[in-house]
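Please find the structures below.
You will see two complexes here that share chain A, one where it goes with chain B and one where it goes with chain C.
The block that comes next holds the complex of A and B.
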């Protein structure tokens, strides 16, 4: 029998009260299992016969406190190099990407130069470049050129990272719909104007999440400069280690890097998530 | 004298012949509709007129001057020929007002205030002035397409090209866009319209051209072309639309 259609719609289902059990029991179980697993791990480590030696070698509070001021001073240099390199990479890579994306036949040699540049600098280890530039160029003693290893090491980092960032920018430029280019051309804009007003703003928005990953990666890779004698945090920690044979100073440097990179990584995640939400909203 | 004059226009995409020696004349104040199946070359023909597509052979002239003539300068042709696309192609990172004033400011080098005043005037004409500060994604498809029309009109062009401008719209939004185009026809704007919307063609066109395999198979006033098509391919095409309930 077909049920009769009621005169008015049925009342909405009664809202259930807040279910404490549903809200808290899974959380409690997770917390308990985390405590259990990590507790067992901690106990295994702490009861190991080698643990006191490990602790003294890597986690000695005394050594950490003594080394901290100079390691921190070095870390300030890491941060300075990081920020300056970021700015240079952002601009230089963008210039490369724009040149690579120009379409006129007259730009062919410049496009080729960018392709070669990317092939070379993406194919070489950053460490090799840092050593080559940081030791090699000051050794030339060319008058008028800066002599500092810090400067040339930084240049090597910029050149190397720009190759990656250029490719990221370019993928963003390519992802802008062809119709945008057609529309901009149809309005009478020239090649540069099309790029600057129509394409690039959209491209940058496309690649912001990927760029954030590079920002995080660069933040720790600036430590490569320590191999050419730049007294950054890693170098300072090594100097301390060399005189005391205790590695706690390196752990201090490690903690400083984590302190800086983890919030950056969270920020990158957040930007990615926000960007995804925006896209879904537009698509819907 | 005809305003747009197209002679022997030929275009290949690879080995595929898209336009096959097309001849077409459009008089000042005339509205010409191009109809035909997908792939018949309508859009390519349209895009050749403002040089978004470069033809392989043949010539197009505007008031007797070939469109590739240096006298147009770098941007003169785009200023005299506006185009509206199927998917609006508004710049998503700019407000409606910035979308419309971009070309006047950057190409025609007008002051921002002047360009914006002119844009607001045209927007008001189409009842869109309250959306001046909105971003394209906040508007409906019909509203976006009307903004795209205003943007194309911002340079005060002599000819407007419309490339299937209602094809991406929900059926209930088609009317508002057609209303805008009807208004433009009343003001005497010369237009070349590619459309799948036969009602559009019947209503607005002074002349309808049926394209088939890269050629204009038949051209006639709408009453004649829809009422008593002569070419067998036209008859076939219209019959198929009738059968599909689209006419």
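The block that comes next holds the complex of A and C.
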């Protein structure tokens, strides 16, 4: 049987109107689910019979306020050590990485020295280095050398972190395509010029996210200097805890660290994103 | 040292009153070795640190009963009706001992200083001993020959965390430059490295340190106790209902003169040392 021809053309597909359900429902569900889950968690915590004790022990406002000035004073030391060490590490590690990446047979002994340096300082716990340098070297009482624990502790951090950062730099240098090197040589640049004008600018932007990681890690590890008598924020918080047996001062120190590191993480994200966008534009 | 007795009495009464206020009247101040309030009924479980130092306990061996604190515990256990072999020791770090929460011991003895702030989170017995402070320094230190707190104030000091030495230096001596180390050994390392000029410690600790740990160093002067540092007490978990019993027994041990005898045996300093009081 031959189907009958429809008398009128089929109706056009329904126009897609604004579907409020599709637009809002997922968002509403997310919000409700977040509220529900976090609400239940908050309720569980708040109704726990131990909560008042936990609160008094870790989140006592009185103790936090009392401890805050000394913890902040300590945090200033953290920031100073951190910034100075950061500058030294940035330069020293770059120098090491460049030496390690130089080709040419004359550079062989220097390359070997850098490899040894990295093997030693990356292989040792930072805490050991801090104690060794902070107590050990001043104990020699060599005239002319400073004997401040702060100074030698800082030196230990720089030596240790430079080994890591050097390897990060090197990975960035190795990631630059061999053709870039060849092209720069073809332009008549010598080994140093190739490194400085062709390789490093590309290498550094490649490793920026990894470097930010180290920046954050270093900021936290400055607390290691407390074992050689430097009164940083963690030590100040510990002193308060030791005299009151209350841990709220450590929470104050924790908040200060977060306050410093979280914006850094966002900054790193932003820089990376901007850099990526710029490069893709060039490539496109 | 007999002049310190009234002070200890006063403090003891105060601590006892605070304890009875804090822990209510339902807890009993008597008991038997099989008391259900004990962590391990039949045994008296006592916490102390690992290691322990002379003269508080000799040879890192609490069980020997040689030393001030372990001898005190055996005297206290006898007073409470325990046999010598019914005392068992639990070794922890100082941090573990003082951390709030449930404890693996009935109470701990570890030269813990009683302060009102600490008493909010742990329980304390009455004070059984309060020490003078000793200034320890190496030859050539600027604090040698000091005769007043003013002479001591400008030195570079070191102190160990968790002790009351830091508060003592800042509040009583008025020192402004105090580096803080993890333990007494760290302080001595800093002294050897020339990073600090001197440290203070409880006299018995100082005697051991200058005899064994750092023989080149010597006790330069004896300083009076801090009025805000009430002295050493036994440490209990917060709200322990064992406290009244132990505290009453400790009171009897102190009243009988046993503690003073132990002080004379283990903790007496050289009477020729100079004393600085202001």
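The criterion applied here is as follows: the second predicted complex is superposed on the first by the 251 of 284 C-alpha atoms of A that agree within 3 Å, B and C clash if a C-alpha of one lies under 4 Å from a C-alpha of the other, contacts with A are read in each partner's own complex, and residues count from 1 in each chain.
Please note the rule applied: contacts are C-beta pairs under 8 Å (C-beta built on N, C-alpha and C of every residue); 3 or more make two chains touch, one makes a residue touch a chain.
Given the structure is predicted, the values throughout are model-derived calculations rather than measurements.
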First (chain B), second (chain C), both or neither touched by A:188: first
Chain B versus chain C as contact partner of A:69, first or second or both or neither: neither
Touched partner set for A:52, first chain B, second chain C, both or neither: neither
Touching partner for A:39 - first (chain B), second (chain C), both, neither: neither
Partner chain in contact with A:263 - chain B first, chain C second, else both or neither: neither
Dominant toucher of chain A (residue count), chain B or chain C: C
Touching partner for A:202 - first (chain B), second (chain C), both, neither: first
Touched partner set for A:26, first chain B, second chain C, both or neither: neither
Chain A residues contacted in one complex by chain B, in the other by chain C: none
Residue ranges of chain A in contact with chain C within the complex: 53, 56-57, 134-136, 138-139, 141, 147-149, 226-231, 235, 238-239, 242-246
Residue ranges of chain B touching chain A (in the complex, touch as defined): 50, 52, 74-75, 77-79, 82-83, 85, 87, 89-93, 102-103, 106-107, 137, 151-152, 155
Parts of chain A lying in touch with chain B, wherever the complex brings them together: 177, 179-180, 182-190, 193, 197-198, 201-202, 205, 282
Chain C to chain A touching residues, read off their complex: 98-100, 115, 117-118, 120-122, 158, 161-164, 166-167, 179-182, 186, 189-190, 192-196
